[in-house]
Amino acid sequence: MASTQCSSGILALRHKVLAPVADIVLKVAGVNKRFGGLQALSDVAVEIERGQIYGLIGPNGAGKTTFFNVVTGLYAPDSGSFELDGKPYSPNEVHKVAAAGIARTFQNIRLFPDMTALENVMVGRHVRTKATALGAILRTLATLSEERAIRQRSLELLEYVGVAKYADYQARTLAYGDQRRLEIARALATDPKLLALDEPAAGMNATEKLALRALLVAISKDGITILLIEHDVKLVMGLCDRVTVLDYGKTIAVGTPADVQRSAAVIEAYLGKAHTNVATKEPA
Amino acid sequence: MELLWQQIINGLVLGSMYALIALGYTMVYGILNLINFAHGDVLMVGALTALSTILFLQPIFVGAPGWLLLLVGVLVAIPVCIVVSLIIERVAYRPLRNAPRLAPLITAIGVSILLQTFAMIVWGRNFLTFPTLLDDRPIEIFGATITTTRALVIGTSAVIMIALMVLVNRTKLGRAMRATAENPRVAGLMGVNPNYVIALTFAIGAGLAAVAGVMWAATYSTAHFFMGFTPGLKAFTAAVLGGIGNVPGAMVGGLLLGLIEALGAGYIGDLTNGILGSHYQDIFAFLVLVGVLIFRPSGLLGERVADRA
Amino acid sequence: MSPLLPRLRKDPRAAWIAAFVLAATLMALPWIAGQFGNAWVRVFAFACLYVMLALGLNIVVGFAGLLDLGYIAFYAVGAYMYALLASPHLTEQFAWIAQMFPAGLHLPIWLVLPFGAAIAAFFGILLGAPVLKLRGDYLAIVTLGFGEIIRIFINNLNSPLNLTNGPQGITLIDPITLGVTFSKTINFFGYEVSSLVLYYYLFLALAIVTVVICLRLQDSRLGRAWMAIREDDIAAKAMGINVRNVKLLAFSLGATFGGVAGAMFAAFQGFVSPESFVLNESIIVLAMVVLGGIGHIPGVVLGAVLLAVLPEFLRYTVEPAQIFMFGKVILEAEILRMMLYGLALVLIMLYRPKGLWPAPEHGVNPVQQRHSRLAA
């Protein structure tokens, strides 16, 4: 389902800036993370191909957000190897991970509340632009034209996710669903190789979820790889190419949504032992 | 060797005073997450109030023994400082309990300035002499000399600190204070009135500051409106050194800082071949502060700050 | 978006008229004030210096959100640097320097200024680097400590090598020379322009340049990064902003303004001593920023002008009034001045924490607020 072709969409610009090196965008293996007495992650591995929509699911407390935080550099792992686009990276500084090409959203939405929607997205452009303080003070031509470009692109991204009419609104006044889209627009502004979304559909109603799904499909068609944490099983199954299921910090299943749905271990994790016999009765 | 012992004694004198002041900082920070910037100025008010009391009583009770005048001075200074401190808490800090953290700090700075202004109006801007009330012939202890006043500083501080430890650890009130320091809301659910406990914390801190202020003035024979700044800042350093919010930590931090300063001042000339002299003494405290905050921010004994939601 | 007065934005003609009136007032000010005595021109000249200082501190406190209580150290660095490079002190103390500069050390302003800015910026990085990972109130105290350390060093660096001349300070500092020497009265197209007035115009020009620079910084990629860090530094990091370096940049840019102002101060006064750089001065500048409106450039300018001029104004009215009413002065002007700073800090934080002239609502805030949850 995922398209590996780069279409002539708004996001196609990305491919001119960051030429892909390998077909695997994110390769992470042997991740361990312990918090005091709790082993939050045990030997977790994930391999995401370019253009895929990859899902990370599991019951509450399974370690999904912890894994996210490790991959994006917010937590330092106890062990693990990390490769982005074939190049190894060390997830110890958040801003370096973002510069390398992983952009994320947050489970609890972390917009810049008192900045406008447009400004929020413009901040996303920071990492791909280079105007300096001196350039700003002297208003050099290069700085001015870069500012224009930043503004232009940010408006395009707002349009792309569907909140363009709120461009000049303070971010905290946006409706909940619009705030989530805005966060995605801001992440897209960093021209990421991998877009990591932490529960983007949380708190949304059915209509909003459909719209979000359409947006994610569009992003994927435009060539951006997506890693997704989600609780809404229906959304994940209908959207993702591949899924990893975590439970108590361990990987209990990897595969296509259909495979994973039938896995006994997954059913046990979500529903408990009494229901596993359901799986064995399913047709192959 | 003699120099070393002398400097140790000096350090203990200094450190005892720092410890008393540091306790005020640490208890307030532990409960409110607030650096009571005005604490040093409460000390100043205590010292000047005691001075005024003594100067007022001296001509009236001509034959009164010096120690009695000193005691009365302290006993007058303590309630004055407590009242001042409670007013500050009520007017300047309480309204800002839920404001972003920097707001009460800025207010505290303003309060500090206002206290100094008040002192300037009442006591003038000049350095005032604090009379020597005790028989200060130097006593010899193993080769080092110490005056009665200074010995009394060490002794009184020790007694006060022991009393405070008993209060905090063995009494119901102390338990209430510790509970409020950890989690005011839950403490409230257990029947503790957080406002009352907070006021009490400020009051105890102010009382200690008053005593420390009189000690400082008596030790250095001088008092003036700006005298609270340096001891205040250094005592805060001591509180951080020991672990902010940690009561025994403040005591340890205070004594340790006093020793570091005294030994440093004594030996810095030798250490730097005469390039830096002992008037750089004040820098030690700041260097300790920077060092602790960079290398061991939780302090020597660990910080104890409330869990903020 | 630059939150300038929204009404003026919408009506360009009104904006131009307002600007013209303001410019005319500022230009004519020394002549008007001079009617009441030369001291007033001096007050306004200092007000311009304070505007520079307040705007510099505003970059650190208002833009980057770091409470720096030792800001005056940069003022001191700039002042002493100019003092050392444009006075007889170094040539008197060190024979080898006297040999290198037989005519004396009188470095011209166009050399000293960029050099001073660079040294101040360097000190900004030096002081900023260790404190960046500290939480807000600790950062405040540590920067306070740094400010004090610098003052103590300046106060004591008179032995074994006499670098700063200790508490006595450095005297005989060259006045500014820009074509004409600012220490004398000059004849300008038939008008007598006194040295004070010359300095006023210079400082006014510098203050205006500072305002323009700050406005441009605010509306730039860097300004947005600062605002992002202030609002949510983890999200800022996740967007690729190197928070540490951007904060350091705030420190050093703020320091630069302080350093330049310090150099001007040294030239103006002709004399510097450690007493001009005590903690109180840092607090005064902070009070200006807080009173006016943290982070809002016009507010900060207002705060600086108010707290620089009002105490002087009170001095000339309140003291005579007290003598008239009570026969003697109960509240001296100096005490009154300090009381004003303290009251400014306390009352603003309690009753109007955003300042007297806060930034207007940033962006559109729709009247009908739909239910939105922005969880922390």
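Which chain is which? They are A, B and C, in the order written, and residues in each are numbered from 1.
The rule is short, and it goes like this: a contact is a pair of C-beta atoms (placed from the backbone, for glycine too) under 8 Å apart; a residue touches a chain by one contact, two chains touch by 3 or more.
Please read these numbers as outputs of a predicted model, since none were measured by experiment.
Chains making contact with chain B as well as with chain C: none in this assembly.
With every chain reduced to the mean of its CA atoms, the largest distance from chain B is reached by A. Chain B and chain C have CA centres that are 33 Å apart.
Separating the centre of chain A from that of chain B, both taken as means of CA atoms, is a distance of 52 Å.
Distance between chain A and chain C, defined via averaged C-alpha coordinates, is recorded as 44 Å. Across the complex, chain A is touched by residues 1, 213, 216-217, 219-225, 227-228, 231-232, 234-243, 249, 253, 361-366, 369-376 of chain C.
Chain B makes touch with chain C in their complex at residues 34-35, 92, 95-96, 99, 101-107, 109-114, 116-117, 120-121, 229, 233, 236-237, 240, 274-277, 279-280, 282-283, 285-287, 289-290, 293-294, 297. Against chain C, the residues of chain A that register as touching in their complex are 72, 74, 94-95, 98-99, 103-104, 106, 108-117, 119, 122-129, 131-133, 135-137, 139, 143, 146-147, 150, 168-176, 179, 186-187, 189-190, 203.
Residue ranges on chain C touching chain B, taken from their complex, read 67, 69, 130-131, 134-138, 140-142, 144-146, 148-149, 152-153, 156, 159-160, 279-280, 283, 286-287, 290, 330-331, 335, 338-339, 341-347, 349-350, 353.
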